[in-house]
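To start, the structure under review is shown below, and the notes come after it.
Naming follows writing order (A, B and C), and every chain is counted from residue 1.
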Amino acid sequence: MEMSVKQIAQLVQGTVLGDEAIMINQVNGMAEAQADQLTFARDAAYVRQLADSQAGAALVPRGSGTLSLTTIEVDQPDLAFFLVLRAFADQLKNPPRAGSHPQAVIADDAQIHESASIGPFCVISSGVRIDEGAVLQANIFVGEESHIGAGTHIYPQVVIRENTEIGKNCIIHAGACIGSDGFGFVPMDGIWNKIPQIGTVSIGDDVEIGSNTAIDRATFGVTRIGSGTKIDNLVQIGHNVIIGKHCAVAGMAGFAGSTTLGDQVRVGANVGFSGHITVGDGSTIGARSGVMRNVEPGAVVSGLPAIDHKKQLRVMAAQLRTPEMLRRIAALEKQLEALKEIKDDETKDNS
Amino acid sequence: MEMSVKQIAQLVQGTVLGDEAIMINQVNGMAEAQADQLTFARDAAYVRQLADSQAGAALVPRGSGTLSLTTIEVDQPDLAFFLVLRAFADQLKNPPRAGSHPQAVIADDAQIHESASIGPFCVISSGVRIDEGAVLQANIFVGEESHIGAGTHIYPQVVIRENTEIGKNCIIHAGACIGSDGFGFVPMDGIWNKIPQIGTVSIGDDVEIGSNTAIDRATFGVTRIGSGTKIDNLVQIGHNVIIGKHCAVAGMAGFAGSTTLGDQVRVGANVGFSGHITVGDGSTIGARSGVMRNVEPGAVVSGLPAIDHKKQLRVMAAQLRTPEMLRRIAALEKQLEALKEIKDDETKDNS
Amino acid sequence: MEMSVKQIAQLVQGTVLGDEAIMINQVNGMAEAQADQLTFARDAAYVRQLADSQAGAALVPRGSGTLSLTTIEVDQPDLAFFLVLRAFADQLKNPPRAGSHPQAVIADDAQIHESASIGPFCVISSGVRIDEGAVLQANIFVGEESHIGAGTHIYPQVVIRENTEIGKNCIIHAGACIGSDGFGFVPMDGIWNKIPQIGTVSIGDDVEIGSNTAIDRATFGVTRIGSGTKIDNLVQIGHNVIIGKHCAVAGMAGFAGSTTLGDQVRVGANVGFSGHITVGDGSTIGARSGVMRNVEPGAVVSGLPAIDHKKQLRVMAAQLRTPEMLRRIAALEKQLEALKEIKDDETKDNS
């Protein structure tokens, strides 16, 4: 696939300074881009670095002026770049063939839309429904009575256990496990008795789930992921967790059972949530935090335990000074002792 | 499946206040339960909330008295609820068909009990033994000479490498990898030389292993998980780790090589263990701790480094006050300086 | 397989004290080794413990003298033991049969060397190249146009997405996912818009990748792992991360997008890297650290935020003393107040 600089400028509503005829066949970073590739400069500092780039053309902020290479001036170079990237990516997509591979094992009573694609070594259990245009690439297991919504793309080695509901246009990356038993046991006489996990998992529309992420089914009721939420790799979501809509959860975050997140919450990498807490709409949790209490809507928190992020920054700075603090306290004690001795001497003198 | 309130009361040795004839077909939380479902109230505070529940009946503590809905009074509502949940779950279970799916690949010399169930796309290698009633659902790999005990249930996409021993009645969740090489290398001249990992993994009876958990084989000797131990999702267990009996290990915990745990140890989420340490029987490790030294039997520890949990709580509280401490130290220094100046002035005055 | 003590001594260039004719068929730890097994003692302290060992023979440091069991004196017992372990392991290896299993699905235009081994239920997509002696054990997915170098061994349930380059003599453990989409979204009006991930992953030679590790493809450009680098289980490597040569990355470490590591970097367990930072050659990052800034070549850092390790040890020690510091500050304040009161009294007295 190729686009001319002129075509790209039309796509991003930009103004060309230089050669409109240059053909672009890929996008790339400033340092890597070649003569047939487009790059971008977010701001004036990056614009200056373009002098060293081999790129055929660059998206730059309006008012950057004539540079050593052809540029397209736009309001927001990063958003414009995203649009071009998406255009190239759409062209790359090879729509998979509709139908079921002869080496898939599909239950007689599974309902699979004729436009769906089921790849080799998939196992589709009894009562499963798979809707229009869904793609199950290969080596995927779908348990009894589960439902995969229209347009959802599932990569290889994914497991979807029984009675799971997956919405439309979701993307589930390789190795994710959805609907495994929650981790629940009743201790009796030193033995852990398994609490049956008879609930389900329900995932909304436009959800993305990362590689090797695990989302457990509810003990009873539902573990729920809201529409538009994006979850990175190696995330652990315990039984009965509720995550709202349009949240973003970075890699290796962990949610203990019955954590509840509102909508549009941003969760940093490797954050841990204690169970049975509520995290308000629009809040942000800094990377590697341990959230042990409810979080207010809109709050920005971080640390272990997670507290207001600005306060946490002050705490972190002060904690690094604890060795200095010990020295200063010892010095104070010594000086005070000296003062008291003088005082005692004076008192003796005066007496 | 349905049970009457009367039948449930018999199961949990409870006393009905209200309509014994109500038919229950599911259990659920107080807020979600419908007219044909049973819920429970752990204590008096929850009993008061029952007024708002739509549940058909509720398990309540003895002495709760007549309420707006039918109740079953019991000694311990949560344990009683667990028993009912288990009864419903047992009914749900669809015993898988015995025998091997035609699309499984099974070595000629593998010994598979006639009551075991081997699903599609499983690979059973040479010398493997699979005992009575074991279930291997689908897309599972079992390496040479491994042994799966009676009644063990293995979910899809699990890998069990060669020479692995799995006991009876275990549950291994989707995506777990058991018996991969330990992470061991000898550095020579800036190159990492692989230490062959020729040991094995041995897992006792009644062990549960979570989704996408990784348990590495020993360098030599055995990586061992004791009977009755329950391990959550995304846990990393390094080579030559020994975990005792009836331990509980929460999600994302990590055990470096040659960590040794006693029996009935409780490990919180995302705990990390340095290698070559010993953790005593009955100890408890708080979530997100980093255990760098041996832990005494029965100890409760937390933090990084993990120390006595009560002490850690005081440390955490004090650490949050480090910015205040800096201010107080500065104030003390200023005041002391002022006092000394007065003193110096006095000394001068006196001289 | 068996080797005599004499043969072992020749292999490790050691000197036998005792019975050269003893036949050894395995290596083991001091406590576990039996009469037909070899163990080792790293130093004098361990040599003393050999008195309690049942081992048939032991590798010991030169000058250890005659002991209760047959010994082989060598310069470095641990390296010698590694050599013997490798000799036993090489013998154990059962070279897999060349050729493709009839139950693998292989695209017509895939180029698979005749000496390569493709196991059951593997899916090899269009345009894939698999070189001499590569082994794909079972249930493995390889996406379009990917390349697997000579001698590389891939364990079951691995996913290698399209356009991925894997070098020679790599080992990829069960459940690893290579080339999944990076986690990148553009927020617009409260919605996360997926940034297409059209880049690739390139892995050098002699790389080892642990079980259930996830390595994401670049947004554009390449996510790169240098030759000789060893990565443990459950590691998360984000889009556009660059890891140099001969690095070692312990389990559960996480790399946010565009982290760049130099060569021979050692990364401890559960370390997290912020994105867009550079970590210098030969540096060492202590376990559970959070690296938020660039790290100098050769530096040893730890903690959250990661700072110089020696400084961090002092900080950690001081932080544990924060409750004591609070008490000492309060005592100082009280004493100073008392002093000031005396002073005020004196001033009054004097006035």
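Please note the rule applied: contacts are C-beta pairs under 8 Å (C-beta built on N, C-alpha and C of every residue); 3 or more make two chains touch, one makes a residue touch a chain.
None of these values were measured; they are calculated from a predicted model.
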Message: Shared numbers divided by all numbers used: is that above or below half for subunit B and subunit C, i.e. same or different?
response: different
- prompt: Roughly how far apart in rotation are subunit A and subunit C when fitted on CA atoms, stated in degrees to the nearest 5?
  reply: 120
Message: Roughly how far is subunit B from subunit C, centre to centre by C-alpha average, rounded to an integer in Å?
response: 25
Statement: Each of the following residues of subunit C touches two or more other chains, namely 103, 121, 139, 157, 175, 212, 234, 252, 270, 319, 322, 325, 329, 332, 336, 339
Query: Can you name the residues of subunit A that touch subunit C in the complex?
result: 26-29, 32, 78-79, 82, 85-86, 88-90, 92, 94, 101, 103, 119-121, 137-139, 155-157, 171, 173-175, 208, 210-212, 228, 230, 232-234, 246, 248, 250-252, 264, 269-270, 287-288, 316, 319-320, 322-323, 325-326, 329, 332-333, 336, 339-340, 343
Task: Quick one: which bits of subunit C touch subunit A in the complex? Just the residue numbers, please.
output: 103, 105, 121, 123, 139, 141, 144, 157, 159, 161, 175, 177, 180-181, 183, 185-186, 190-198, 212, 214, 216, 219-221, 234, 236, 238, 252, 254, 256, 270, 272, 274, 290, 304-305, 307, 314-315, 317-319, 321-322, 325, 328-329, 332, 335-336, 339, 342
